[in-house]
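Consider the two complexes below, in which chain A is the common component and chain B and chain C are the respective partners.
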Partner chain A sequence: MDSLFTAAVAGLSAGGAYAILGVCAIFTYRLVAVVNFTGAAIGAAGTFAMVALFELGMPLLPAVLFGVAAGALAGLAIGLVMTTWFTGSNASTKAAVTAALLVGIIAVGLRLTGGQHPHYFPEIIPGSAFRLAGVEVTWAAVTTLVLSVAFTLLTEQFLARTRTGLQLRALSQRPMAAELIGIRVRLLALGVWAVTGGVTAFALMIIAPLRSPDFASLSLLVVPALAAALIGAFSSFRAALIGGVMIGLIEGGVSAIGPVSQYRGAVPFLVILAVLLWSQRGARWDEAR
Partner chain B sequence: MTTFSIGALQVDRSGIPVIRGVDLEARGGEISVLLGSNGAGKTTFLESLSGIIPVRSGFINLDGVELAKLRPGARAKAGLSHVEQGRTVFPAMTTEENLKVALHPDADLKEAYDLFPELLQRRNVEAGMLSGGEQQMVVIARSIVNRPRVILIDEMSSGLAPVIVSRLMRAVRQLADDGMAVVLVEQFAALALAIGNRAYVLRRGQIVYDGDCAALAGDPAHLHRLYLGDAAA
Partner chain C sequence: MKHASFRAAATTALLLAVLGALIFFLLPKYWVFLVTAVFIVGIALQSLGLVTGRTGMISLCQMSFAGVGAWVTGYLNLIGAPGGLAVWMLIGGLAAVPVGIAIGLPALRLRGINLAIVTLGFAAAFDTVLATITFPGQTTFTQVVRPEAFDSDKGYFLFVLLTYGVIAVVLEFVSRSRLGAAWLAVRHSERAAAANGISIPRAKLSAFAISAFISGISGGLLAGYLGTLVSENFSMMQSLALFAVATMAGAHFALGAIAGGMMIVLFPELLRRLNLPQDVGNVFFALGAVQALSTGETIAETWMRLARKLRPTRAVEAATAAGSLPDKTSHPAGIALEVRDLTVRYGTVTALDKVNLKVPAGTVVGLVGPNGAGKSTLVDAIAGFLYRYDGSILLNGSPLEAISATSRSKLGIRRTWQTTRIAPELRVGEYIRLAAGPISESELESLLAWFGCPGPETLISTVDVGTRRLLDVAGAVASRAPVILLDEPAAGVSYDEALKLGERIAAIPETFGSAVLLIEHDMDLVRRACSAITVFDFGRVIAAGAPAAVLDMPVVQKAYMGVEFEEAAE
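Moving on to the complex of A and B:
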């Protein structure tokens, strides 16, 4: 039982990162109407930019800042593709496009980062913060958790209280009407892509040392991200926040249970399945009547 | 005085010509009423003017500025506003937020509330919860907060009670009297002709009448023939 608890706590930092990724996924979905499969890959690009600079001898802090900027640029690039060619497309087409882009980015990313060749991922936030019931809680876990809560609340406040937030809400509710009244919809959409790119990059940097740190594995963290977003029904930031943290905790716990620990990567998949089945229950009930 | 002139306009939808060589001129201070039966191409016409759909050929000229190649946002900045069919409020935003979101930071909402004082008491209600008439007021008010020179209005009266429709018609007349060029699209003619100056009838993408509103209002049989074409002759 104790070891289960220890392992669950170890999943906290991953959970915080999933929460941030999930909130970013909802942000992108609500504001630019794209279910974005490239989210984590964009972040991975930023993370590897940071690692490359660090390996070249740049000190950690500027390397991190450049990495965040690289993530923002990568997000901007995807945003340019989506706003230039797919603005009028329906939701499923856009999702399919980002899934295709994901495959392309992973291929290019693996090539550029030397495939499975190991890189040294510096721990951005090293050390242990405190002990909780005898279990060590790392600074990385505390930071991702605080960051995920702060990012969620900040996003909500930004949308509710600022002029740009108001315009973003209008854009999300009726893009054409927003454009017709002169809101600069393309600029706003590109801003959303860049901001989520930078934030995702930072979240991945924190948890990269805890993962098998190759480009593909980091890019596939989009699965728990979308699972968290799904828990928030792609609309509630707070539910996604809680969902992301829970997925991290469950994953951590599962990794402590000997026989199934190899399958902990399947946790987000099971969560997605469960949420989808749960959300379909009403429809089934209606059909059955 | 504003002059909004459209010439030889051709617009396709899914590769099929829908607007086939339309000329129209709307002047500041006047309401140009555009009539036509369902499917004649009225909405397509307005959407091509505001930039929602591209034009194939022709010109759209607002006081000497050519708009046909500009994006919708740029046309809005040039002084063109479009009240779309279907009461396109931002449903999860309050009345006031709906108006504010369109507003330049250094302008205010006085004119909007002057036009529709009844919106004042609904300012903190989500637009999705308003009545149809109130929603139409919000959309019209939203489209004038930045003082456009031309306003295109598509079927604002559809589905509304007659008393609300005449309220809206009065407001539209006021906008024209304040100097705007109004292009008013309606399927049901009488009320629009009563407040309008110039009338156009569109049939299958072509203008089949271009003249005085009063003349057409006084001759319903003529209007009927214009709507239906040779079949009714």
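Moving on to the complex of A and C:
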């Protein structure tokens, strides 16, 4: 039981990162109406930019800042594709575009980073913060958790209280109408892409040392991210936050149970399956069908 | 229709035979070996085309299904099960079916994006599982035994080609059947499909099950092709690349599947010969898919469009009556459709307020009223597309509450939509059969001729909107339902055509036996077609009775035309 608890706590930092990724996925879906399969790949691009700069001898802090900027740029690039050619497309087409782009990004990423070639991932936030019932809780875990909570609350407040937030909500509900009343729709949409790109990059930097650190594995963290977003029904940031942390904890717990520890990668899938089966109870005819 | 699918199937079979003979006799052994992979990937692509291209659900785990098939094939090989590869791969395909259904289940009543998420999740999970359990015989290097008659590389090519041919021909038949039409209808509009009595869950699940089966077979073939397998053959990246290529090439067309297979297999070969890294291929596929999605046209569709341009253009042929229409269907006399105290609220807005309406059997009843009066809400409620309403709706005296849209349609309430929702990839005959169910060739022809529609082999995408509106009505009528709800059938139709349409609608009860509830803004059409009309305004019935009398009532003129009482009286 104790080992289970230890392992679950070990899943905390991953959980925090999933939560951030999940909140970003909802952010993108709610504001620019795209279910984004490239979310984690964008973050991975930023993370590897940081690693490359660090390996070239740049101190950690500027490397991290440049990495976050690179993530924002990568997000911007995807945003440019989406806003240039797919503004009027339906949700399904947009999702298909990001799924197709994911293949290309992973291919480019693997090539640039040397495939499975090992890189040194500096621990951005090293060390142990405190002991909880005899279990070490790392600073990385504390940071991702605090960051995910802060990001969730900030996003909520920003959308609810600021003028830009109001414009963003208008953009998400009726892009055409928003454009007609003079909101700079494209600029805002690109802003959303850049912000999610930067935030995702930072989240991945923190947990990259805990993962098999190749470009493809980091890109595929989009699966737990979307699972967390589904828990929030692609609308509730808080539910996604809790969902992401839960997925991390369950993964951690599963990896402590001997016979099934190998299968912890299947946890997000089972969560997705359960959430979808549960959420379609009340499905009804809407315009989208 | 039947002979059309035979012709298409025969063409496919013949083309494959010629292609196969050319490859078999002309190409050197190395290239035959490579081309074998083209057809194996082609089968996987066809399976993906079925779900994604035809039914419009994004599947990102197609290679995982193939992996299930390959794993089972490898296992049967290891234990030396009887029957050989042909039987093993069939069992492998069948083993993938329950997996496919289990993954399809959560996406049944939700939109396609959810399926994309759940399939990506499955692909990731399958990767972990496969990496752990490994393929049967992987560690002992046990080769999967090929069928004795097809043991050489050239022989195995024939075996793969034969399998590809059987699958392609069967798919040709299925895609032209009512099930195939149902898939396209579901992709285009689930609501319209349900209104034609199609069970959406059944259509989606069948697509997923058949797709998983075919994909499983491709996995079995791959096992025989490579001998030993590793989990990387079926990784998530492979599934994603397959998705990108299917999207780019148009894998739901036989042509697109082969073109896609060639790209996946031969492009890396080309890159290898040019001393370029082979993973550049995936970048190319991603860009190609994005390009195809932005233009809305796949490579296969582009080629077919260009080929059509080369052929002399044929004018759209009108249907010619092969014989007289069968006698009208007899439905129970009395009130066919009755609406009692129907109330519908959207939040605080009351869209319909205690509405009462009767449509006697064998009549055309008009329903008019200004925009926003609640006419289409009434149709939605009757046809079963509203989640909740108060009051009751009765078909031939029996209440319809708690009955789904699909079941109501099957019971005999058919509707059309304000804008046409016919899938443009269908042919005229396929759409009518989709709407009507089993219907004889001569009845189909005479029905189309009666409405002045084009012939059954005409592609919907080639006919104008006015004609599609006619087909909407023709489809509903062909089902011989006791009650037909027509929602502004003349919208977008020219004045002359609208008058003709009015005559046709007026004749529906005596010719086909159905009662009609007609919503229309064209008053000439309404006068011509209806024996009684009901007028709505702000969700209430404000007048009902004989057309001439009702339309002259001041309250109706005020509501409908905005004419003030005094002006009208003058």
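Descriptive notes on the structure:
Definition applied: the second predicted complex is superposed on the first by the 281 of 289 C-alpha atoms of A that agree within 3 Å, B and C clash if a C-alpha of one lies under 4 Å from a C-alpha of the other, contacts with A are read in each partner's own complex, and residues count from 1 in each chain.
Assume a residue touches a chain if its C-beta (ideal position, glycine included) is under 8 Å from a C-beta of that chain, and two chains touch if they have at least 3 such contacts.
Model, not experiment: these values are computed from the prediction.
Using the contact criterion defined above for the overlaid structures, shared-chain residue A:R174 touches chain B, although it does not reach chain C. When the two complexes are overlaid, the chain among chain B and chain C that reaches more residues of chain A is C.
In the superposed model, A:R163 makes contact with chain B only, not with chain C. By the document's definition of touching, of the two partners only chain B reaches A:I183; chain C does not. Within the superposed three-chain model, A:Q280 lies in touch with chain C and out of touch with chain B [touch as defined at top]. Comparing which residues of chain A touch chain B with which touch chain C, the overlap is empty. Within the complex formed with chain A, the residues of chain C that make contact are 56, 58, 60, 103, 105-114, 116-118, 120-122, 124-125, 127-129, 132, 189-191, 194, 236-237, 240-241, 243-244, 247, 277, 279-283, 285-287, 289-290, 293-294, 385-387, 405.
Interface of chain B with chain A (complex): residues 50, 52, 71-73, 76-77, 81-82, 84, 88, 90-93, 97, 100-102, 105, 142-143, 146. Chain A contributes residues 35, 37, 81, 85-86, 89, 91-93, 95-97, 99-108, 110-111, 216, 220, 222-223, 226-227, 230, 262-266, 268-270, 272-273, 276-277, 279-280, 283-285, 288-289 to its touches with chain C in the complex. Those residues of chain A that touch chain B in the shared complex are 163, 166-167, 169-170, 173-174, 176-185.
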